[in-house]
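Naming follows writing order (A, B and C), and every chain is counted from residue 1.
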Amino acid sequence: MFNKFTRNILLTPFLIWAGLFIFVPLIFIVWYGVTDYDGNFSLGNIGLIFERGYLDALKLSVELALISTVACLLLAYPLCLILTERQRDNTTIISLLFILPLWMNSLLSTMAWQTILEHNGIINQFMKLLDLPTFHMINTEGAIVLGMVYNFLPYMVLPLFISLSKIDRSILEAAQDLGANSWQKFFRVILPLTLPGAISGITMVFIPALTTFVISALLGGGKLLLIGNIIEQEFTFQYDWHVGCALSVILMIFIILNMLLTTAFDPMKEAGDEH
Amino acid sequence: MKFKFLALLMLSCLMFGVAGCGSTGDSGKKEQVYVYSWGDYLDPEVLKIFEQETGIHVVLDEFDTNESMYPRVAEGAVHYDVICPSDYMIQKMIGNNLLQPLDFNKLPDAKKYIGEEFFKQAETFDPGNKYAVPYCWGTVGIIYDKTKVTEPVDSWNILWDEKYKGQILMQDSARDALMIPLKLMGKSMNETDKDVLAQAQEMLKKQKPLVQAYVVDEVKEKLIGSEAAMGVVFSGEALIILQENPNMAFAVPKEGTNFWIDGWVITKDSQNVDAAHKFINFMCRPDIAVKNFDYLGYSTPNIAVKDLEENEEYKNSPIAFPSPDVYKDQETYKYLGNQMDEYYNNLWMQVKVD
Amino acid sequence: MKYIKQIYLAIIFLFLYAPIAVLIAQSFNASRYRGHWTGVTLDWYVKLFNDQRIADALSNTLSIGLLSAGIATILGLITCVAMKEFSRKWRATFMSITNIPILNADIVTGISLMLLFMGIGLKLGYVSILLAHIVFNVPYVILCIMPQLMTLDKSFYEAALDLGASPFKAFTSVILPELRPSIFAGFLLAFTMSADDFIITHFTKGAGVDTLTTAIYAQLKLGVHPEIYALSTLVFVFVLIFVILFAINRRKLKHIEEVI
């Protein structure tokens, strides 16, 4: 689109920015992660992570984050399909309606879920009113997943919605004319075309779900520790930035691996390779 | 057209921002004091009176835990003058040379109105009473729902009763959690013997299936909403819960409890030492202390407050103004050093990860 | 099939708006405490309007949110356009760099930025919060814009160049309008992330500068004041009205276009 010179000029502000505000803090973190109190190099922090059983928490976090991401994906696809077929011209308004709940402070809305799910919460009060059995919902893994899906669903809906609304109608019609049924149309045409959006969405849901601690603290009752809670506690209560940073580094490696995996499935690779 | 709108919006907020900066620049001329305190820990009215009387502008900043306050002060991120940490944190800050000794000649009201027994208790974390003036204090106890718990509550033991499975709320912090089994075993809450601590941890692990949730500040709203049959709470919280939910009752277990004190301290690098002393002295004045007490509900070490208090319910509350037997001979948390701190936290983490 | 779709939409909307309904209800609750209904009152709204601190926090939240989202959107857009021109390998590398701020747990980002600001001698205050917010907003903007930019058809742009338009002119008149939905989404997402952040703000803010979230967290000790619920309700209603007006306006514009 541009020549190399313009391209490099355009990238410069970002590179300066990234150097100062992304790399320098990153160096701080890695530095703390591999040193001990006296500033000597040590891998003891990483050893402590294994010793203290924090890997179990990491496993639980990955599980819950994965479940939430899949749930968001499964909820968002039909939703976006319905929305895009219904109102082609009101795209911005619909995306606004889905981003609107996000404007409620997430701490407040998560607390509202507490009010809904508690033993004496709104759902159970309602069940009692109808003389139905009550449920135990709060302080379970299910409640945490629900909180994650609630908080992060819009991050999935937005990019998916954008890529769906950009698909040319005529392509879909052509597929239909060529005899594709709805399933074929979805898997052969829509899915490949919306994959970049879906991958953006997966990243935007998976990462915050993996690092959250507010949701698990409020809806998990403090009995279910996620990796985010542990990092939070290492930093605050323990004031042990070394272990906290080491954990963050491990978490980062984990997420980067994850992203390499998702980019491996990126269908846009051909489009980019033409340069 | 949309973009024009956005541009306008951004332009207007740029002005907003600049105007905001301008106003903070102006207040630089007046004498100021930077106060860093617990969230919602003083009556906003009081600050206005202070400003009117002394002409000193109070810049109030708030923290939610001692631990989130500490790095901001220790790293020198912001130069605060007056801070209100808790007992063990005051000791830690003294130890790390972050505080300066107070000049009690500038604090006549502190000497006059703060109860002697509180200064005496404060010696456990501030030997010689050089650094801190007590502001609020309290105990930790069990609050329980009288409709669900019929037997008398006088021991921490009830928190291990299978009958109340899923009905117990525990405090989510290493020291507060371990304090309970340690007291049950008849040990000090500042125990450093690792075998004893391991036993205490074992008890907490055994209790975990019975616990509904490990909570911090949410405990109040959960108990006001009758979510659980009992919970471990601070006495100040208990007062609020009792007012909102008359089915509840509060008991301090016979094995002993934590006698906590939050106190005013002045930082080492304070640039408004004089104003800082004026502020602390002002907070000790009886009419001001009453206002704060009415706002907060936490017990005050100020001996003049009870007589001035007009709300009969508060005045006669054994929780707000307990008899001296309740807190006599109780222990206060001490700072046990970085390593021991870490050990405690790790024990507690293991209980939660388990 | 049509009913199934409608029911599905209704369920999702119920799911998204149920907690908001709870918050709105709480703003009228006479009791100061959550989950304890003692009657209806408008007191919290009255108190809200007399609370200078909340007003300050609100104006900080708005100005920091809009400014940081705006700057992040511009920076993100320029970066996306530049990144598109690089080979896939380079692009993947740049993308991973942009994502680093959201990979870290918030508290890690917050503390490391605090250390950085202190290191370069920047006084913590309004500006430091703004910078920190731009840091974590840029990746969200890029994540929104990049997918659409990659699927963009270049032929129109090239046609504009062939017709003698300068690259800049061709960009603003061909590419930019096409990207509008994702730029808008990126801006909105960035604004909401900024308005919603607590941890990073807590560590990078100076004394006496509060955003709404730091004001709310500080209240947790005694329980969130219902004024905050009232404020959330007002913000929600305000945004809702804005969206509705927007919808009506668009329809009118469409109508005018059709008439012409």
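Methods note: a residue touches a chain if its C-beta (ideal position, glycine included) is under 8 Å from a C-beta of that chain, and two chains touch if they have at least 3 such contacts.
None of the values given here were measured: they were computed from a predicted structure.
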More Cb-Cb contact pairs, comparing A-B against A-C, go to A-C
At the largest C-alpha centroid distance from chain A we find chain B
Provide the C-alpha centroid distance between chain A and chain B, rounded to the nearest whole angstrom. 35
If you average the CA atoms of chain A and of chain C, how far apart do the two points sit, in angstrom? 16
Note: chain A residues in touch with at least two other chains are 114, 118, 120, 236
Mind pulling the chain C residues that touch 2 or more other chains? 34-35, 111, 115, 184, 217
Flagged in chain B as touching 2+ other chains are 68, 71, 222, 225, 227
Taking the complex as given, what residues does chain A use to touch chain C? 1-2, 4, 6-8, 10-11, 13-14, 17-18, 20-22, 24-26, 28-29, 75, 78-79, 82-83, 89-93, 95-116, 118, 120-122, 150, 153, 155, 158-159, 162-163, 165-166, 193, 196-197, 199-200, 203-204, 207-208, 211, 213, 228, 231-232, 235-236, 241, 244-245, 248, 251-252, 255-256, 259, 263, 268-269, 271-273, 275
Per the touch rule, the chain C residues reaching chain B in their complex are 31-36, 53, 59-60, 62-64, 66-67, 70, 111, 114-115, 118, 124-126, 130, 180, 184, 187, 202-203, 206-209, 214, 217-223
Given the complex, residues on chain C that touch chain A span 5, 8-9, 12, 15-20, 22-23, 26, 34-35, 75, 78-79, 81-88, 91-92, 94-109, 111-113, 115-116, 119, 131, 134-135, 138, 140, 143-144, 146-148, 150-151, 154, 157, 167, 181-182, 184-185, 188-189, 192, 195-196, 198, 212-213, 216-217, 224, 228-229, 232, 235-236, 239-240, 243, 246-247, 250, 254
Partner chain B, residues of chain A touching it in the complex: 37, 52-54, 56-57, 114, 118-120, 136, 138-139, 218, 221-223, 225, 230, 233, 236-240
Write out the stretch or stretches of chain B touching chain C in their complex. 2, 6, 9-10, 13-14, 16-17, 20-21, 24, 34, 36, 38-41, 44, 59-64, 68, 71-72, 75-78, 80, 216-217, 220-222, 224-225, 227, 240, 244-245, 296
